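Take a look at the structures listed below.
Shared between the two complexes below is chain A, which has chain B as its partner in the first and chain C in the second.
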Partner chain A sequence: MKGMTIIVKKTTQLIAGMIFLYGIYIILHGHLTPGGGFAGGIILAGSFILLILAYGSDFLILVRKESGSTIYENLGVLVFLFLALTGLLFGGRIFFANWLPHGTPGELISAGFLPLYNICVGIEVAASILSIFLALIIFKEEILK
Partner chain B sequence: MELTISVIVGFMILGAIYAIHARDILSAVIAGGIVGYSLVICFLLIKAPDLAIVQIVVETITLIIMIAVVLDSSRTEAYGRFDGQAYATAGAALVILLILFWLFRHASASLDHFGEGTLRMSDAYINGAVEKTGSVNLVTGVIFDFRGYDTLGEATVLVTAVLGVLTILRIRGRK
Partner chain C sequence: MNPLIPLFVAVPLAGAFLIMILGRFIPFLNRYLAAAVLLFLAFISFWSLLTEGADASVYRVGGWEPVNGVPIGIYMVHDSFSALVLCIISLIGLLSVIYSMSYMAGYTSGDYFYALFCLMTAGMNGVVLSGDIFNIFVFLEISAISSYALVAFGVGKNELEATLKYQVMGAIASFLILFAIGFIYWKAKTLNIADIRVAYEEGHDRSYYLLVQLMLLTGFGVKAAVIPFHAWLPDAHSSAPSPISAMLSGVLIKAVGIYVIIRLFFNMFEITEGISVLITTLGAVSMVVGTFLAIGQWDIKRLLAYSSISQMGYVVMAVGIGMILTARGVKSDVAALAITGGIFHMLNHAAFKGLLFLNAGAIEYSVGTRDLRQMGGLAETMPVTSATSFIGSLSISGIPPFNGFFSKLIIIVAAVMGHFYLLAVLAALVSIITLAYFMKFQRYAFYDRQPGKTVQKIKKVPAPMLFSMIVLALVCLLLSLLALPSLRDAILTPAADLLIDQMKYSSQITGM
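This part shows the complex of A and B:
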């Protein structure tokens, strides 16, 4: 896939970092404001997709990036499952027990496990969407070769 | 409020009909975007900002991927012949549509008025959810605490979808 013009590349350089930060904000404040793991994860993947569309695949070694994203995707789900399983050990033998202290409602560090679940789901969704996009691009490059 | 939502839903139906009948696939994809973005406005009107954020982000990413795919492949649609079998299929679809319409008409007569009253189960979620989960955002409290199994299932569905895509699209094996 070919890249776009210099105007698009420069604008992408300026904006992609801010989109990434906004995705992290949406994920971390999932238990306080609207948003959460799913929305923030797709915003994170969107910043990567923007970079790939603007710069083309000549600049990026896509296959290595794809194996990285599949690893993070599986890791996200496994950590999510592991955190849920800890409820069986410490939370009175209940799956998905929220046994961490809840803290003051409304603060950033509160609500026990919910921010951790949000982070896991955010990483997993971002890596999944990016994996599908990279698979489509790699498929086309392999066809053309 | 109901009038506004009805007008927006009318736009969605028009966009969907245009997307089916458009000769150019690119304009069909963009007309399909009308449906998604109108749904965002509907979610905002009935005060569901969580769903609105997810819907607008997913719609944008999907539209970008679809447009990139269409621009790289053909833009004209391949039309088939309209023979006897097609008439039979259309007739069966029409009959099923009428039966479904009749069933939904009966079911909606027994529901509450739009926007009033809650289900019995949601009362248990709403009352004292902040004390139970510690989360100020009720939606996060429900999907990660009360309905944790559902969220785990959704995450697993996404992983399975990626596995399927990689299995189908991989031409050469990885070393």
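This part shows the complex of A and C:
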């Protein structure tokens, strides 16, 4: 896949990092402000997609990226499920029990498991949206070959 | 709270994603991990069936207790009816995975296959256990989307066409279901099935809920493939890989179709005579039309797929008879008998249709064709397949002492006792036609060796496939023991009572 012009490349270079940070901000403040794992994950995936579109990529590198993002996608779900299952062991045998200390409402580190769940969901959504995008362009490259 | 209940969903989900990660580093891990997951599920489902009493066991996810008697949070309900469906899901699932170990060896991307298989199982378990309608929808989509991918697993022309048809019809059904759930939430202000029932008892707009009921019946009717909505089933079930056909026909249409229809119309809505007559009619039409569509088929798996429609018609019709009698408030013992017969036939159908699809897969594996006209005389070269498929054919046609006879007998007796003579005659006639097309299958595949034809090159059927078929044939025989009064009262009658006694389900859950 070919990249775009130097103007697009430079602009992307400037804003992709900001978008990435903003995604992380949305994920981490999921239990305090609107948004959360899903919305933040989409923004994270957006920054990656922007970079790939602007700079272009080699077919083989795309395939490698796709397999990497699939691993992160599965890991995200597994860690989420593992956190939920810890409730069965430590939280009075209740699935999804929020047995960590809840802290003061409004603080960044509070609400027990919710920020951790948000991080898992964020990784999962970012990786799966990226995988879908990569699968589509890999498919297109294969047809063009 | 039984702490095993969330494991029904969590373990297959974890299995699916572990296969996707570890499968790329360790070869052949996928099949053993999937088999271990299904073995564990089979163990806990039978354990729960045997240890749970007649009362429903309610699991509140996250430990959210009801506030002022109103349930909040997600409830998972394990009662005598869902326990039976969980058992057939995990049993057929386990045998299909064992069968796939050699059947799927010829396909690539084994990781995807076993991961999707575990996901589909997780979705079906979730639908069966869920206590609120929105989670039924979520799990329904999990199982449906993984089954779309599994149907297309061969990525040939036929598979892709079948899966496209299946997806389009499935999406329309899901849309209708989601729409109906939205309608219910708007009026009842709750999504919990038991709580909706309470809100419904307190007063409801009749025509509003009639629309909702029709939308739900259409949506889940597509999933269950009752006759006007059946167009996707013959293509999807015949072009999927055989272990998946066994899962789809044996379990999926029951767990996400019939089970949900029965659960919602008995335990969520009040039974009205209009809807009951409609359900009975749909069942009777599926039963009769399905069997006539099956008799002309030459493709083994298409024949079996149409026969699934017909046999599901029996289940829907039996349950419908129970609903009519309950709605009229007469003969509650006959209604209980009809529903018992319906549930019994559902279990039996899982066993023998699973078996027959595995047989069809074994034939396709060794001979390389599904067309009945191109085979013949296979009984000598494939003795185990021939014997087990003979058992399966006799069971589905209702020949004693196999299980199909007893469930059909119960259904016909209940229909006669409830004065539905026409339905009883139709059920008996359809059973004879079923015998006819299964004898056609037996004759063309296994016996009738034509002199002019050369004997095809035949591959030997591997041991794991033989094992699954033999176990299912034994299950077909053993299930007929459920017709004994003592076992029937212990296993089938509690499920029927739970459905007949309409307020019991919601009172157990809301505690009122």
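Everything below uses one rule, namely that the second predicted complex is superposed on the first by the 142 of 145 C-alpha atoms of A that agree within 3 Å, B and C clash if a C-alpha of one lies under 4 Å from a C-alpha of the other, contacts with A are read in each partner's own complex, and residues count from 1 in each chain.
Heads up, the rule we're going with is that contacts are C-beta pairs under 8 Å (C-beta built on N, C-alpha and C of every residue); 3 or more make two chains touch, one makes a residue touch a chain.
Everything quoted here is computed from the prediction, not taken from an experiment.
Once the two complexes are overlaid on the shared chain, A:Asn74 sits against chain B and chain C alike.
By the document's definition of touching, both partners, chain B and chain C, reach A:Asn98. Once chain A of one complex is fitted onto chain A of the other, the partner contacts of A:Val121 are limited to chain B, with no touch recorded for chain C. When the two structures are aligned on the shared chain, A:Ala84 is found in touch with chain B and with chain C.
In the superposition on chain A, A:Gly3 contacts neither chain B nor chain C. Looking at the shared chain after the overlay, A:Ala45 reaches chain B, while chain C stays out of its contact range. By the document's definition of touching, neither partner reaches A:Gly56: not chain B, not chain C.
A simple residue count on chain A separates chain B from chain C, and the partner touching more is B.
Counting contacts as defined above, chain A residues 67, 70, 74, 77, 81, 84, 95-96, 98 meet chain B in one complex and chain C in the other. Within the complex formed with chain B, the residues of chain A that make contact are 26, 30-36, 38-39, 42-43, 45-46, 49, 53, 63, 67, 70, 73-74, 76-77, 80-81, 84, 95-96, 98, 102-103, 105-106, 110-114, 117-118, 121, 124-125, 128-129, 131-133, 135-136, 138-140, 142-143.
Put simply, chain A touches chain C in their complex at residues 67, 70-71, 74-75, 77-78, 81-82, 84-85, 87-88, 91-98. Only residues 1, 3, 6, 10, 13-14, 17-18, 20-21, 24, 59-63 of chain C touch chain A when the two sit together in their complex. Of all residues in chain B, only 49-50, 52-54, 57-58, 60-61, 64-65, 68-69, 72, 130, 133-137, 139-141, 143-145, 148-149, 151-152, 155-156, 158-159, 161-162, 165-166, 169-172, 174 touch chain A in the complex they form.
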